[in-house]
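So that you can tell them apart, the chains are marked A, B, C and D in the order they are listed, and the count of residues begins at 1 in each.
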Amino acid sequence: MGKDIYRKRLKIPMNKEVLAFLSSLNDDLWIAEEDIVGTEVHDIMLHEQGILTKEEISQILKSLEKIKKKLINSTLVLNESFEDIHPFIEQSVIEEIGMEIGGKIHTGRSRNDQVAVDLRLKIRKELNQLSGGLFELCEVLMDLSERSQHVLMPLYTHFQKAQLGSFSHYLNTYLEQILRSLERIEEIYKRVNANPLGACAIGGTNIDIDRKITMELLGFESIVFNSIDAVSSKDYLMETMQCLALMALQFSRIDEDLLVWSTKEFDFIEVDEQYCSVSSVMPQKKNPDTLELIRSGCSNVITNSFNCAMIIKSIPTAYFRDFQDLKPLLKDSFDRIHAIGALLKGIFSSLIIKEQNMRLAIQNSNILALDVAEFLVRQYNIPFRLSHEIIARLSRGERQGLNIYNKIELEKMIQDVTKKNLTLPDDFEELFKDPEKCIEKRMSMGSPSRSEIKNNLILIREKKEKLSEAHGKRMNKLKKAESLLSNKIEELS
Amino acid sequence: MGKDIYRKRLKIPMNKEVLAFLSSLNDDLWIAEEDIVGTEVHDIMLHEQGILTKEEISQILKSLEKIKKKLINSTLVLNESFEDIHPFIEQSVIEEIGMEIGGKIHTGRSRNDQVAVDLRLKIRKELNQLSGGLFELCEVLMDLSERSQHVLMPLYTHFQKAQLGSFSHYLNTYLEQILRSLERIEEIYKRVNANPLGACAIGGTNIDIDRKITMELLGFESIVFNSIDAVSSKDYLMETMQCLALMALQFSRIDEDLLVWSTKEFDFIEVDEQYCSVSSVMPQKKNPDTLELIRSGCSNVITNSFNCAMIIKSIPTAYFRDFQDLKPLLKDSFDRIHAIGALLKGIFSSLIIKEQNMRLAIQNSNILALDVAEFLVRQYNIPFRLSHEIIARLSRGERQGLNIYNKIELEKMIQDVTKKNLTLPDDFEELFKDPEKCIEKRMSMGSPSRSEIKNNLILIREKKEKLSEAHGKRMNKLKKAESLLSNKIEELS
Amino acid sequence: MGKDIYRKRLKIPMNKEVLAFLSSLNDDLWIAEEDIVGTEVHDIMLHEQGILTKEEISQILKSLEKIKKKLINSTLVLNESFEDIHPFIEQSVIEEIGMEIGGKIHTGRSRNDQVAVDLRLKIRKELNQLSGGLFELCEVLMDLSERSQHVLMPLYTHFQKAQLGSFSHYLNTYLEQILRSLERIEEIYKRVNANPLGACAIGGTNIDIDRKITMELLGFESIVFNSIDAVSSKDYLMETMQCLALMALQFSRIDEDLLVWSTKEFDFIEVDEQYCSVSSVMPQKKNPDTLELIRSGCSNVITNSFNCAMIIKSIPTAYFRDFQDLKPLLKDSFDRIHAIGALLKGIFSSLIIKEQNMRLAIQNSNILALDVAEFLVRQYNIPFRLSHEIIARLSRGERQGLNIYNKIELEKMIQDVTKKNLTLPDDFEELFKDPEKCIEKRMSMGSPSRSEIKNNLILIREKKEKLSEAHGKRMNKLKKAESLLSNKIEELS
Amino acid sequence: MGKDIYRKRLKIPMNKEVLAFLSSLNDDLWIAEEDIVGTEVHDIMLHEQGILTKEEISQILKSLEKIKKKLINSTLVLNESFEDIHPFIEQSVIEEIGMEIGGKIHTGRSRNDQVAVDLRLKIRKELNQLSGGLFELCEVLMDLSERSQHVLMPLYTHFQKAQLGSFSHYLNTYLEQILRSLERIEEIYKRVNANPLGACAIGGTNIDIDRKITMELLGFESIVFNSIDAVSSKDYLMETMQCLALMALQFSRIDEDLLVWSTKEFDFIEVDEQYCSVSSVMPQKKNPDTLELIRSGCSNVITNSFNCAMIIKSIPTAYFRDFQDLKPLLKDSFDRIHAIGALLKGIFSSLIIKEQNMRLAIQNSNILALDVAEFLVRQYNIPFRLSHEIIARLSRGERQGLNIYNKIELEKMIQDVTKKNLTLPDDFEELFKDPEKCIEKRMSMGSPSRSEIKNNLILIREKKEKLSEAHGKRMNKLKKAESLLSNKIEELS
């Protein structure tokens, strides 16, 4: 195979250095299987429309199936003199079965709608895989959350102790975020899963194609009607990248929690050794390097979406070669998110929770300050703003031995601030000694009290089941389309 | 009003320079009305839960209504010594009705869930306004598309003439994109429109609040259950920013089309003078400056979303002050997208379409090359790859006087390539003379043929109606909630 | 003043809504003074070239000086019907002194080179101010570093204790970074400080102007020769934005250090109350909000630079209106960096260093592991890789009571690993008890030993002096040019 | 080789999936040669300091040279069970020459300062190569500019014809920008070319190393003194990325010029076929795909720098594993910029300039409007603002047959506007017929008149020579250091 079969318009072949810059051949392997399937379906449709004879479609399918098999077995040898995978495959077919038949496989189609099909099929597949991985991560988190409902922990805001909470409460927050991402995937999926084939270069074709047939055989749920839209619009890709970026943003924050809690200074958790690295010189070090690389990996996923935006922004409506540079970014983001999801699953599965240290961090702190203030509000009808002031002034004096749980000091301060003489109950100090009891008084919906944690877990499980079902439906539809297609291929080839 | 009422914990007031950096007071005006409404609803709920007496809620509501009125009349004077709007409003109430009652308005609530409510209410409002604006833009585009179905135009890929098309076909592409954005808004809306109130600082409250009551009065459709999630997660904000960024990306490409077509070299359209500027020295110039500022404005909207991502990425789970810097970015993006949408509406309403120039650009070009190639495929069963080669070789020789529409030359080339002797019909050249006829042969679904353009417009109108209905429902629900609330306020104050 | 004086080419004035989007009038106030000075210099040059008479230049200068005075006194009233400041000022002059003379002020000049002058003058000024601020910050840091040379502190890598160090050593790192930024400013400055005036719209002018005269009067050091380059290239702006972004990156990391050290879990420092905020509900909280807003502010500065890049990237060579949107970004970045620099100065000036806590964090840790390993290397010629293994295995067993400073355990482990029988000195454990002594053995250049800290401070001071001198020279040159100009103005007006 | 030799601290080896995520082994090949050289130099220094014996250094160097040779011959087989290149090389040496000697090569050094050396050496090399490539590109552009001084061309602003200019004038703008980039590289180079070796992990070492020796042998010009600074600060990397991003921004705009000029509608240039691609279906198409991929490639380079910023921003002072993800971004940006520079060189070398079309675009346009207006200013002392109005009003009426070069119409309009009766010279219309003559009247410094184009080229050549000389000096210094080192290696091994 010498010169690119499409290059008949030009007198000279491409310079090697230029080819190296222009070529997407290796990147195209990512979508090669989708590309072959797309061509098979297109040609079956041409046959059903009477454009290819039975003999023709049979030979074409046989030849394409051979290439597909080589691809799956990793025995396909790419010819580096091709700019991309599309002419390479067409030329391979022509070489095998001759120009008279092989020269017809691209009838009524352009590389523009072809590559759009490939990308949509691939993104669809990746989104389904991603959902699957996220459901597994959810299971691990739900399980850990169930098991750690009793683990009390300080909640922080501004890196400072804020309110008494629980480890399970944090995990449920993570779950809520991941479930929303799963919801978003579901929404994006339906826009991705639409058929652009038949748009041809940009303005359709004179060939009597049927876009509904290809839609069904490829398992698409709808058709990207307008032919310019089908080859030019990249919002399905862009919203996929944004969805991954948003996930990376969530993962990065979860990861940052783990990093901070892993310091010896916090020491709330320990990440399993298999996720740690060591120092080449400092023998005492055990560093949670995986967490750090998850953090930087998330930057990559976020920035990839900015990169896509910048590439697309330079382009007027219509197809431009710039689009080629979107594919590696898409692949990189999916690869990283898959890996990060899997790593987080492993990290949470094997996480050591240092319950004692969390407990210690609660004790000897003023973390119940709001609870005390609200106690004053509820028991003595002190306006919250005054109650807040009372505890604030006690806190301020902390160093001089004042203590917000000290009955006498508190009574004094109440008098200072409200000018009222109150007597706190004798067991006042007892009320705030046992964090288990304190947290049970936090009865507002969604709080970290035991019952609300349980309610949260119930809601989470319901949401997860619903999303899981929807995912199952997606997968079933695809399986049906796949089996329809493989039957056709068998029948026709 | 001197020192910030929340600052009782600290001994000294804030340095002026520091205050200037920390203060969000002026930015907060954007959410001030939402803030007051949020407080009113919270306090009505406290009353319904028996925490505020009838007298108390009456005085509180009266005082808050006064501030709201001032705000709406732009007569509210901000006290610059406050860090943000929240203590300013609380202090204003306390000043007016005294600490005994006024000091209770913040009971069972934190600035953290308060600001989350404000932002969600505001984003909801902006999204509704945005949808409204986009529907108007759609109407203008649909109308223009209807009126310009007959306007033939070259379709370009790679900035080079590709296929014969029509101006209406381009406009329909724009419409398809905008309709998908409207769909996305619909999806995001339901995640935005959820009640975070009741999460308090991060871990809920001991006060007997009822989150369902506030949900209903504020017109929210659901509750952000988990209290950490409610104050810490920013995905509702982030996906809003991403949605605006994606819209900016679409608008920027549309805008770039207009810019290119406005050059004297293309000269396909003329943007109305009201959108143009002039040169301070070159008297002949009329520059479509509005288009250029739309382009740069789109960069701002896109980058704002990455700015938010970078800010959020630095933060572990929980509330941090960094979030404050998200609000101006959100406001800036909404303001710009509203303005750009309105400008595009105006620009398309007044656009001059230079039909003659488009026609000229079609003539004397090889734009029907694919049509000729497909003619050979259909009439003579020549494999497309050979047919492509035939026309490509004719095109290559263009300069030497070869012409792809020339019967004799084409017959010669067919023989050269296929070694077959074909006689083209006598009226062959006539077949490609009239673009109106040529485009009618492009019968594939979604092509720019007249009938497909019509079909596209029907589909577009259907989609638009469906989305418009959904938007109407959203608006109705809000109106009901608003009237419920205003009745309560009237009744209680 | 009605219609924009430049708009003679167009029949209709600009729509209000469009004007609002297009107008940069308010943003232009940032460069208004520079704009007037630029015009004065241009017109003085026209006079010296014989193009304006003595009478003409006199009236023009008087009129411009009046506007400048109003501007400085903030009494200038902008007419909102102007798109930008340039026609507004020209029209103001014409209104005052008549068209016959006032109509000549823009001779041989365009808004394109005019705005380029304004921006370069303004950036120059801001860079000089920035250098000044950074020198002040350096002084504070150098002073604090001098005073805290004795304060030992753990150095961390991967958020885990790595080696024994000192607080001063950290501060010196900050200083080194800031000094490199000052060096970069010096380099950028010379490319910013070049005269674009005289490029006119893009291709020069037929008027007999002299670009050297304007260069001298404006204090520029060179001329942007090529006229396209002068109005189209934005690399001077872009490299300024990048320099600020890099500074933001450094500041953000310094800020993150302070944030982490301020947690109660690390508790190495305390940020002064004036930089802290409180909670609206949690009375015990004292949050270092300033640090958090510095962190998010740094995101803004970094992203602004990418926003500029995205705006510029969309534009071919030449002047486009998109450039207008660069100015507010430039202003925002300078404003934030000035503020952040000043805040850091204040924060470090008032920082409380908790020496005891740092000392505690050193004790009972394995932070001297590398020192022990290197002791084995130096005293017993044990290959470092084995010595590393010996200590690593002791560290691993830490929980079972093994201790890397324990003579007997260490001797055992040496034997296990090297199969050699070694006897450590009797005072072995003493050797690692006193961190002051240990750190003195770290004699490599640039280490945190006392002498190297001193050397570092000497080098830092030298660098600072050298840069400070260069800055002084810049300032002197400007003062000379300014006094030359004000003399001319006095003489001619 | 089984378990990573550094992992003695941990009980279990790393999970395969985790290793795949953490490993930088393949990316490290980019810096492998630098890594070996760094180790050789470090160990030679240890020998000169008496820490390694003659025998020891000899064996070490022999072993390292072997690995280096394999690397250069691409016969080095990586062991995938290593996390990165550093332990792999150390282990290889130990395997070959035994632990007793091989175990000493890492004495007094950490992976942290080691990787900092590698990166600085590599960036230095890449910067030198980049400068070399840019000088070649300059030569091509200077040559083309010399040859096309006579080629007149319209200058555009806002995509609209602005002033008469020349093609050479555009090329000179490109040259000015590239020369400034070369200047920036020179400045950055001196900060990159500094020795971090000897900082060890973060706090120096107890081993008696000499950082000046390694500085000299590695050809560094200075030492990164402070040990935290040496391993933690990434500004040398960041400013390199920013410099490449700025270059990408310039290249992208140049590229956009070529793209626009390549449209059939402008048709000013033709990019050689070897840089073009074709359509898979549209036989007539010849698309300048290389230009499009340069444009998207520039987005990648710009965004890479944002990615680095985001990664670094997440990190407090000190070393974190996140840094690992910077290397592939650095490599990608350098690779792309090298390729883009080379492609632009090729494209400009083979560019076809369509002089006739440029000339046509000048004729029948109002491009001399400013020249006419300035003629009125110079000949009749009409205030420029009025002269601008006169031509503007003629331009406005363009369609009704008014013509700004028409003597009679112009006289009429002068009277309308100025109320003065002027008689233009009889040969008035002749004055603006010949663009060659018109451009010669544009005598302001830096304009596109022939003499100023010549002056510009002289200045450009001077600047280029000066920068080229500086580059030569850099290269010479490196050669000296390299030969010093290879002599030492020969002598000692």
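Side notes on the structure shown:
Everything that follows uses one rule, which is that a residue touches a chain if its C-beta (ideal position, glycine included) is under 8 Å from a C-beta of that chain, and two chains touch if they have at least 3 such contacts.
Predicted model only: the values in this text are computed from it and were never measured.
Matching A-B against the pairs in A-C, C-D or B-C identifies C-D as its interface repeat (over half of contact pairs the same by residue number). In terms of C-beta pairs in contact, the better-connected of the chain pairs A-D and B-D is A-D.
Each chain gets a centre from the mean of its Cα atoms; for chain C and chain D, those two points are 23 Å apart. Centre-to-centre separation of chain B and chain D, using mean CA positions: 36 Å. In chain B, the residues touching two or more other chains are 6, 8-11, 106, 157-159, 162-163, 200-201, 252, 256, 260, 278-287, 289, 292, 299, 302, 306, 310, 313-314, 320-321, 370, 384, 388-389, 392, 395.
The touching residues of chain B, when paired with chain C in their complex, are 4, 6-12, 14-15, 17-18, 20-22, 83, 86-87, 106, 109-111, 114, 200-201, 252, 256, 273-287, 289-290, 292-293, 295-297, 299-300, 302-303, 306-307, 310-311, 314, 320-325, 339, 342-343, 346.
In the complex of the two chains, the chain A residues touching chain C come out as 157-163, 259-260, 262-266, 278-289, 292, 306, 310, 313-314, 361, 365-367, 369-370, 373, 384, 388-392, 394-395, 404.
On chain C, the positions that touch chain D within their shared complex are 5-6, 8-11, 90, 94, 99-104, 106-108, 112, 155-159, 162-165, 169-170, 172-174, 176-177, 180-181, 183-184, 187, 191, 198-209, 211-212, 223-233, 235, 238-239, 242, 245-246, 249-250, 252-254, 256-257, 260, 298-299, 302, 306, 309, 312-313, 315-321, 370-371, 374-375, 377-378, 383-386, 388-389, 392-393, 395-396, 441-449, 452, 455-456, 459.
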